[in-house]
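Should a chain be cited, it is by its letter among A, B, C and D, assigned in written order, with residues numbered from 1 in that chain.
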Amino acid sequence: MANLPLPKGFKGIVPPLCTPFTEDHEVDTASLERLVNFQIEGGVHGLFALGSTSETALLTDKQRATVLEVVVKTTAGRVPVLAGAIDTNTSRAIDQAQTAKQAGVSALVVTPPFYARFSQAEVIEHYRQVRAELDLPVMAYDIPVAVHLKLERATVIQMAQEGIIAGLKDSSGDEANFRGVVMERNRLGLNDFSIFTGSELIVDGAFLWGADGCVPGLGNVDPAGYARLYKLARSEDWAATRLEQERLYRLFSIINAATVGRTGPTASALGGFKTALMLRGIIATNVMGRPMTRYNQAEVERVRAILVEAGLL
Amino acid sequence: MANLPLPKGFKGIVPPLCTPFTEDHEVDTASLERLVNFQIEGGVHGLFALGSTSETALLTDKQRATVLEVVVKTTAGRVPVLAGAIDTNTSRAIDQAQTAKQAGVSALVVTPPFYARFSQAEVIEHYRQVRAELDLPVMAYDIPVAVHLKLERATVIQMAQEGIIAGLKDSSGDEANFRGVVMERNRLGLNDFSIFTGSELIVDGAFLWGADGCVPGLGNVDPAGYARLYKLARSEDWAATRLEQERLYRLFSIINAATVGRTGPTASALGGFKTALMLRGIIATNVMGRPMTRYNQAEVERVRAILVEAGLL
Amino acid sequence: MANLPLPKGFKGIVPPLCTPFTEDHEVDTASLERLVNFQIEGGVHGLFALGSTSETALLTDKQRATVLEVVVKTTAGRVPVLAGAIDTNTSRAIDQAQTAKQAGVSALVVTPPFYARFSQAEVIEHYRQVRAELDLPVMAYDIPVAVHLKLERATVIQMAQEGIIAGLKDSSGDEANFRGVVMERNRLGLNDFSIFTGSELIVDGAFLWGADGCVPGLGNVDPAGYARLYKLARSEDWAATRLEQERLYRLFSIINAATVGRTGPTASALGGFKTALMLRGIIATNVMGRPMTRYNQAEVERVRAILVEAGLL
Amino acid sequence: MANLPLPKGFKGIVPPLCTPFTEDHEVDTASLERLVNFQIEGGVHGLFALGSTSETALLTDKQRATVLEVVVKTTAGRVPVLAGAIDTNTSRAIDQAQTAKQAGVSALVVTPPFYARFSQAEVIEHYRQVRAELDLPVMAYDIPVAVHLKLERATVIQMAQEGIIAGLKDSSGDEANFRGVVMERNRLGLNDFSIFTGSELIVDGAFLWGADGCVPGLGNVDPAGYARLYKLARSEDWAATRLEQERLYRLFSIINAATVGRTGPTASALGGFKTALMLRGIIATNVMGRPMTRYNQAEVERVRAILVEAGLL
């Protein structure tokens, strides 16, 4: 089945898919298929493959291609598939984007380049060139915790006005600025420019402020919860939206079940998601990308207790 | 000619080679050959290809392979060639390392993985696995400004003791800790463990403290100067060593000739080196890796003035 | 008139009062009286003197005492008066707190100590000792941008449970954690523990999440706006709350009217408030505490234009 | 005896005096007298009271005055006494400075203001006003770890040229920039401008680069060691200077004898000095300023073992 083009003014819940591994660190395609179906059946509105939660930075190029192939094929046009094109420079990001385009994705999600240090002008040039090379919509991905550069509000708005980017995924944690971007988008009448938050614990607030959607890592574990939260927000039942978000907030404690020191911050967070998905029977292992530490048995039990309390097990 | 194995207790000046580009952003192999010869004729003791100064993060894999091929072939065994294996995870770093090994390099220089956030234990695992896969000496490359993680002293010493790494290239700017690593190396009698500083402006101090060598970005522009500095330090003529370092310090102002804002910090620094090399007739252009901004004419003139004053033009 | 005790479960809008200066940098008591009355007539629920917005760190001890005296006297028991006890160590904070108590304030607002670096355990000790010395409720003031230490969630909750603190003023900008504190407060049934946000641009969200109040610097300029926002939030008219917050967000651009470089970040923000208050006729000058730079004529005109557009002039 | 004016081009070892406390957190004047005599008999060239190592930020104004009185009186003109005037704004710093002047100190050591955020222009204004009010030489104290602002090289040089400051105490840890300040001072012929490093572990390097002196916290514990190091550096016996510095580096491990978490970074470092001084019989207790945690018995034993190994016990 043909891929789905990204709708103008794209909206909704778009989980950043975990990448399941086999015991020997290869992409576990059967688990990935189950995960894709689990998400879509949960009611999500799109899928984001090869994001930070997907451990993209932990994959080889070949593994990335495999992930995209499986996701696009399994999705089978039911929802749009967005793919990260995340790399240290423009040529490499274009290479990643071309693989994604060949796999049939609906849109690209592009971070600023990293490792070297860039000006905002250079970052705009990065997006301009990626967009010029690919005939696909591009969403800007603001994630300073990973690339150590903030996409400034003026940068985002300029790129939106010039048509370089079709949307924003904001994982900066700077909610006041996020709201400023939404307001400026509205003021300028850039109605097709989609604004998604990655702040999965205050999504009710983001929707109140006018966000179009959310990219929740925790959505992997409970896609139906985030789909419900979205529906409630759209109906402007803010009290119920808040309660659903609070339930999901409590569930989020699975990311702190690892032992600090042995495990780094990324392995702790993503390992919590993977362990929960393993316990829920969606994926086969909680293996992490090399060199990250996997949750051990004691940590798995802590996650299990949280899932039981949440009624998800 | 066969490549040179890395000598035990490797020492000296090892410039991190700039990567010259053609006007259309391809590796300018003729310029690179000239640069290699210029360095070796300047008296350096090794060459470091695909480091941060080489804009490795700005190159494609194919360009990286080209660089290594040209550098190893042009060097022709006159000095050891070290190659960066710098990537976001262990599998990718091993891929980079294998390309380097096939090109015939003498040793690898490996940063911690980046983009995701890792514990020191995970970083040790990274080095352990890279070392286990490759039959080449590995130097740890401590560069928090790029990977946003510090290689702690205990981490470096543990890896030295376990034989995972053969040396350290410290570009952290933390000189007190650097000295602590040197002292701990000496205390433990790890005599073959080579410690290089990347702090190119206080190399006289580093040699006084017991460093084995330096990896000076500025060495690209004046390799003979750093070779002279090394010789003076070895002869323990500290007053003369200091004077040579001060001359090189003044020359370093070429990295601030770019206009802040238009140009990012990396393009300003590396663009200064490239512009100076272009003006000295070693490389053909001052083109930077995409999306970085190239020095414009006014900025080139500022670099020219500094070179003239330094007697290098 | 007697001072007002802090009600249990204190709620509402509590602006952090600007400190007006005369041309020779003394506290302008007449302006301060007008400002206090302007706030109370605007409908606020309390006043916070000697906070960061009050330029407390820019005042002498004598000026601090003067401010408290004027604020308490002018307020005349109409609303509670909270006073900052902000200093580098416990003894000094207790001294500040005793001055405040003598002035007749209702409660203290205490930051962690600063300049030196402290553990969370030491910070708890700071609050414990301040609380033990004074017979006044203490609110913890989380402002890492000023004291460079974050009050961790566990620290806040422990102090709430032990009865050391009666509330929290969170100016950390970490909204996800803020919500976590609110949820943990609710889970533990600490119903009298008051949680205020200092994030004045997303207050609608904070109220949706269960915050009790807000300490908005911008409230100085438009107290009636924040009082209206509070009333709308209490009535759970979230659409109208959002619109009021958006109006106030646009007004906030007065803080960026200064020229970067000449003026530092604090003088730019607080100078914007003071200039607006001067233009609205509440205070006499826009003089800043030494050594901060005052808005110049061109900058004043920029603020004027924003106020005119906002209908506040 | 009259106080000693600061000599032009002041040079040498100037320990930042620890402030000994009694068990009830008052200044232990008898211990402080012993400490002053111990330093001067150790051969130091000046004393710095009320610096960061003195826990100035942990003292009340009254305690600060007591410290200065004791130090000036006990010193009795044998060496110059420098006093910190460290506070959050210009008026407060001037107040501190006036107390110091009345106590008879030789010079002031002034940090940038803190808590609020300032531009370099505002910082220059701070120094200009302090200098204008006091008839005493002022040294700029660059300590970003405490005040969270770096004194830029251009700022220091401008103030030196304008005669606002007589010297610099650089505790920034940025050795490359430190050297740049020294070189610029020399280039401009500002021969009376004194440059001291606070980087007590690489002082041999700093002297090689042209520093005039050092302000070593560790000097409290072993003043004779730093005096010896200074003499060796002046005689340009760099090999011996290095060995003395290495001995002192090993001794520095006393600052890591505290348990992380219970104790904050400042209490760990300064508590190590105080515990060593207590064990050496110079001061009576290792009590720290409130709310900092004091070394416990196990930690004291760790310090003792280091002192024994160093031959200082």
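The definition used in the following text is that contacts are C-beta pairs under 8 Å (C-beta built on N, C-alpha and C of every residue); 3 or more make two chains touch, one makes a residue touch a chain.
The structure presented is a predicted model; accordingly, all values stated were derived computationally and were not measured.
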Interface sides of chain A and chain C: same vs different residues, half threshold: same
Inter-centroid spacing, chain D versus chain B (mean Cα positions, whole Å): 36
Euclidean distance of C-alpha centroids - chain A vs chain D, Å: 50
Numbers and ranges of chain D residues touching at least 2 other chains: none
Overall pattern in which the protein chains touch one another (line/ring/star/complete/other): ring
Pairs of chains in contact (touch as defined earlier), listed by label: A-B, A-C, B-D, C-D
List of chain C residues in touch with chain A within their complex: 173-176, 179-180, 183, 199, 201-202, 204-206, 208-210, 236, 238-239, 242, 246, 249-250
Chain D residues within the chain C interface of the complex: 25, 52, 55, 57-60, 86, 88-92, 95, 113-119, 121-123, 125-126, 129, 145-148, 261-267, 289-293
